[in-house]
């Protein structure tokens, strides 16, 4: 797209969108957000990039083939579910680790549930981009 | 053989089944003494006990007679084939099929479980199909194979139904138990259906009128197959089954009339048609039909004479018919033709064959002192024992026998003993001994048992009658001279009439050819049936699988509508009048927005309007989610809606306009669409009238934070409570992406990044 | 006090939003309508969110409202630019005061 | 802490008026960009709607919806505008001014 | 230097998203921002003399808001009056602002202030195509924008450059 | 031990992920084979446990039923999983010779294994929405597999397949929404538990009919089967084999599950409709096949016809009929998948699947003739092959139930099936090749040939085993049928004993 | 409230079906989007409607305060939306591809899989 305004705007917006998407991902367990929403927002960052600067640039920026991101995300989500086996629990039983617990809070949570949500993020992100990039390359 | 000069012969493949059948023959012969003394041998292997199906074998007189015929004639046919077809590239297959057939046939006649019997029955059908299809290179060969398979297969399905009903009615599939319940069966309401279904199976298998037409066509098979399957064994499977069930099912009016009339008619009809044939094998095929008719006729009776006649003629016919088929094979093989009008004067070149043929033909014609004579006398005795209208049936039999007499002369005497008038394709020569063994032995047996019928009587006939009637008491004696009686008189009339027919057979044949051409032809009917079936299939496919996607979609939606609306009406599940009192104006506005967007999408012929209108609907739906407290869903909805617009906008760049001239007005579609919309609303309103059970949500609300450590309950459901759903869902997303990518790139030639 | 300010902001904002809608309906061509949509509309939404910020008062929420306004101001003109450019390239005639009234670009 | 409900209701009504009018413009067209502008305007109005919803319920969660929409909503506008523009480039001969 | 500024910018955004500055949010924001900039390398931007221009930025924002509110009434008036008051035209304005950010700011701000709408920037970045609602005197509109909005932006964004 | 249930579900997805990420080399295909071997092992372990325990259930995520998602295996589920694993292994081996590197690069193995994962999930889940999700997984991967290769026929077939299946999907989803609105639960056993207390029982029937139509499209019953004959002949042979074997059966499975466990309140209405549907499906399918002249099209229409038999078993709903339905289901998967695999070999050795253009195989490729003969005549219901028992039990059930018409239909359709199978046999095998050539298997390169023929031979052997030793299969099917007709054990395993 | 949305869903279904029955598969795609929305709304409405209270647990509380909206249908709808998007994207690409390789968007003219009899023979 030969629009200078859009290109320059994208320079900022794409970054903001991706930061925002990660934010939505991480806080999703407690506030609106989560892997889906995060992945959707993150992908719009690169969709915008592709529209403004072309898919070649967007692919270069992304560096990894979006399909691989998506499939890896699926693998991560699955491994997060399988991890429960190590603790003798059924598939997709969340495993939690609270770092630095205090009196009034449980501490910083690390969990397979979050890993699962990251997998979801990557799947949505990678999948949308592989479709949009491929379609963009058709026109 | 001339045809396959390089091929090895008399190898293991060819001789093993000879040994096998001889061994079996010896085994069965060994059992003969016991059987004659009324012992029965029963072997049971459980197969599917929970369905009452076992592989159980029972050897009684009837089975033994058949088993000996099958294994004995089998041995000769195998020996014969080894020369006749030895070296043929598909000889091994042929032998395999033929041996399988023989074993299946033995299984059939020995089986004591109806379902096991059916299994063997069908195995004979398949092997016969493969054997008839030996000449698979020709359209005719394939047609004949299919015809035989289809006709007998159709009968077999009826038979299966009959057997199942019989088993259910009798409470067992074991024949030995069923036969003990004859009176119960005959009194049962299902007796008639069972009888009809079973007779459908046996009549097709035994080529009774009007299912006779497949048998002459099956002569496309190699001659040993014809000799074995289509005269001595398989076609008699139907007869066997009727005989097998005779004790349980005979004696009713319907049994008597059906079998008697069908048998008599087939006998006469077939022998008339036999006379019309000029191909020796075809002529024999029709005489086989006559024999089967005769056997059926006798099975319609219950008298001792009839049963003895049945048993005797069964054996007689197998002996002479197998011999004659093999002889025709020798003639064909030797001269290259089977045309009755050409063949003549072979006696000098083929003396052994000629003698064997003469012996067999005399037995067939019913000359004393051959076994055929005894058989014929018993037949007349049996027919005269019929309770009602015996003379009509006797007349029929007389006519059939006379024709048989004439045909025996035409087929087995004329080619050898008349002067040659026309050139033959090949100069005749005697067939090699393995091919002569069978006919000679079989023909001699016919003569031997005629003179000395006692062993036959004790070993086979009496036990068979015992199987049919329960005891040997009523079995009649086999003897050449029974004094001057009605049967003898009929025999003399038969001979006289036979000679007359023989003399006048040429003009008679010409007349028959004309008559036949005028009469309905079942073989042509078969073709018409196939054409009709294909036409029906094609018509149905045109109507249903039209190839027009729009029709498919319309039918699918119409089905949905009819199914739901019909059920709503049938079950009166309508909701009460909807209650709009709680509706607020913002929600009404949103509803209006969504509806407006939807209607605009449906009616516009502009793509960008459609896209924008879709966007409006998406926004409206997101507003619903916002108003009713679903922020996560609203965000997702808005994001997805945006991506939908982006993707559609990209795709549309390459796609043409929505309408080519003229707008898209479709009133009929609109009716269906409105109907579906209305019914959806109705069902939903009805559902909303039931109170909602919030158990699940209540549980999620109280456990979300304490146990799953999340305060966004929706997200906790997604990643924890129902993570498996979410996992499946992301799999959908990944695969959608991979599929879409693959679709765009498989052949587009674009390089992958 | 804050409620009064918030109410004023919200009412003003929503009035502008409605006005923008009227503008979109009434103004004679796509370019002028864009003026209404892009700025009056954006300003209206911005004011409502400003009202929300005042209403809630919580710093986190205020920041969020500020971000929303910032993003609106960042993206709305880019969108307008894209539409305007397309309109121009489509060759849609610009309505001028010399054009016939109520007969905008066709 | 609660605003007078009447204020919110009036605001809501006004926002809906804006949305409704935009929708009419979207339906009327007549040109492609007109429709895109209308949709864009509606998107921006929804941001306002989210703000109102947050105040109605007292739950700031709805502001997250507004945040997302403010960031992403213009993407549809961009895509549609680009479509309008390219569609013309692709069919120079065809008179594309009047939509299709 | 550019990268660092952008990095901080992203880190702040990140922290804002989490609703406050704690060592955890800022630090993680810096890390995340770094990752993203690494991802976006082909898009290098952001100037280095950012802090010096805080003053100009403040001025820009205030003046812009003033413009926005005051001149909105022009459009409003046109909307609410029965007659169309405007006299629109497409005009070309020469651009002095050079940097990408500058161009974006100028065009966006021009678009946001009622009465003017940026349509396009030419490929050579020298001309800005505008739609002006009240174009009785195109020259004057042009001059006003160049001395106003563009000047402020150049001061804020490109202050160091001649 | 819930992992007995979860492992067969997880394995295909793991296989898919690893096969995709290694698709640049040839590793992917072997990962697929090895993964499916593991799947078969896992399925057999599951079967062993089910044989011991009757019904086993497990709660994913440790959340109790009906709140969390239940995986549950009764006899029917277990045998479906085993048969799925067998088919998957056979097809993954076949794919070694059938799928080119381009398709592998584009993700064939991922699509295939995810499809298998979806099928396994559908068989094991005890949750209605989760069933929807697995249906979607299957559907989307089948979309991808169908069009992979991108020929015109594939794309066109794809359009037909996709549009019609999407309608069913939406209907399914709507049905779930409505059922949830009535019962407030998604666990199928729990729904079955709650439905009797719904006041408007007529409405329950309406929803039942919605599900019947939705699954009817998936199962390809009359008059909803259009998509199947329009598309199944277009993709790669391994793909149509797995479609033919498994996909429609999942629809049948879902019908069986829903109309024994959940919707058993108005049998006089629902199952009468099913019986009519079964009859029409049998007849229209078999007549459709009779009109075709391409092997794959013939086989495709026969899928429809044979689905009718399975529905007939469900519709009669007697113990014997359910035995027939279960037996038919299992038998048909093996046989139909195998026939499509064989069609692939026929195409490779003769150059086409159009009967007019091929021939001569009986003479020059007797091994293939044998391999075809077994499943073809099994399909036609000849004893002692597996199809005979399937047909026998169903006909016996119909006769036992005095349902004369459907019994007659079943028998006549069986006859017409013979007609179609012999048509293929006569044209492709008996008839000489119209080119005068003698097609031979040795024209296929040895590695490919092995890859193609081993799975065919294996499936044929299975057909023979079931045919010759049907007893244990029948006994198994009897237990499966008993579990279906009296779901108390199922419900107890899912909801706990006290729920009864 | 629910009744009003039930009506709206009816309108969505009707328009969607009308579109899906159209000659042009592009309209089918549009119809698909509409009917997906209808299905999602059905689930949402089936779970009953609660205005103004998202299913979130406030900081410091163990469970939601007061009556909040039914979270389960929301999760289901979210799942359905994403699945629907996947299906939609594929369907769109398929139609796109169908046009580029078959040259038409009218399925009545795409007869590669089920050729007309005249074409076949």
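Letters A, B, C, D, E, F and G mark the chains in the order given here, with residues in each chain numbered from 1 onward.
One rule holds in what follows: contacts are C-beta pairs under 8 Å (C-beta built on N, C-alpha and C of every residue); 3 or more make two chains touch, one makes a residue touch a chain.
All figures in this text were calculated on a predicted structure; none of them were measured in a lab.
The minimum number of touch steps linking chain B to chain C comes to 2.
Identification of common neighbours of chain D and chain E yields A, C. In terms of C-beta pairs in contact, F-G outnumbers the other of A-G and F-G.
Of all the chains shown, the one with its CA centroid nearest the global CA centroid is F.
Mean C-alpha positions place chain D and chain F at a centre distance of 47 Å. Chain centres here are Cα averages; for chain A and chain C they lie 32 Å apart. Computed centre separation for the pair chain C/chain E is 17 angstrom, with centres defined by C-alpha atoms. If you average the CA atoms of chain E and of chain F, the two centres end up 61 Å from each other.
Residue positions of chain E with contacts to 2 or more other chains are 17, 107-108, 118, 120. In chain D, the positions touching at least two other chains are 12, 19-20, 32, 36, 38, 53, 57, 59, 61-62, 64-65, 67-68, 71-73, 75, 78-79, 82, 84, 86. Those residues of chain B in touch with two or more other chains are numbered 545, 547, 549, 553, 557, 607, 627, 629, 631-632, 635-636, 639-640, 642-643, 646-647, 650-654, 658, 680, 684, 687-688, 692, 694, 696-697, 700, 711-712, 718, 720-727, 729, 731-741, 743-745, 747-748. Chain pairs that touch one another: A-B, A-C, A-D, A-E, A-F, A-G, B-D, B-F, B-G, C-D, C-E, D-G, F-G. Chain D meets chain C in the complex at residues 3-4, 7-8, 10-15, 17-22, 24-25, 30-34, 36-38, 40-41, 44-45, 47-48, 51-52, 54-55, 60, 63-64, 66-67, 70-71, 73-74, 77-78, 81-82, 84-85, 88-89, 96-98. Chain contact summary for the complex, chain F toward chain G: residues 129, 133, 136, 139-140, 143-144, 147, 150-160, 162-163, 166-167, 169-170, 173-174, 176-178, 180-181, 186, 229-231, 233-234. The touching residues of chain B, counted against chain G in their complex, run 542, 545, 547-550, 553-554, 557, 578-580, 582-584, 587-588, 591, 594-595, 598-599, 601-602, 607, 610, 614, 617-618, 621, 624-625, 627-633, 636-637, 640, 643-644, 647-648, 651-652, 654-656, 658-659, 664, 666, 669-670, 672-674, 676-678, 680-681, 684-685, 687-688, 692, 694, 696-697, 700-702, 704-706, 711-714, 717-718, 721-722, 725-726, 729, 732-733, 735-737, 739-740, 743-744, 747. Contact residues on chain B toward chain A in their complex (touch as defined above): 631-632, 635-636, 639-640, 642-643, 646-647, 650-651, 653-654, 708-712, 715-716, 718-720, 723-724, 726-727, 730-731, 733-734, 736-738, 740-741, 744-745, 748, 750, 753. Residue ranges of chain B in contact with chain F, taken from their complex: 46-51, 89-90, 93, 115, 118-119, 122-123, 125-126, 129, 133, 136-137, 141-142, 145-146, 149-150, 153-154, 157-158, 160-161, 164-165, 168, 533-534, 536-538, 540-541, 544-545, 547, 549, 552-553, 555-557, 559-560, 563-564, 566-568, 570-573, 680, 683-684, 686-690, 692-697, 699-700, 703, 720-725, 727-729, 731-732, 734-736, 738-739, 741-743, 745-748, 752.
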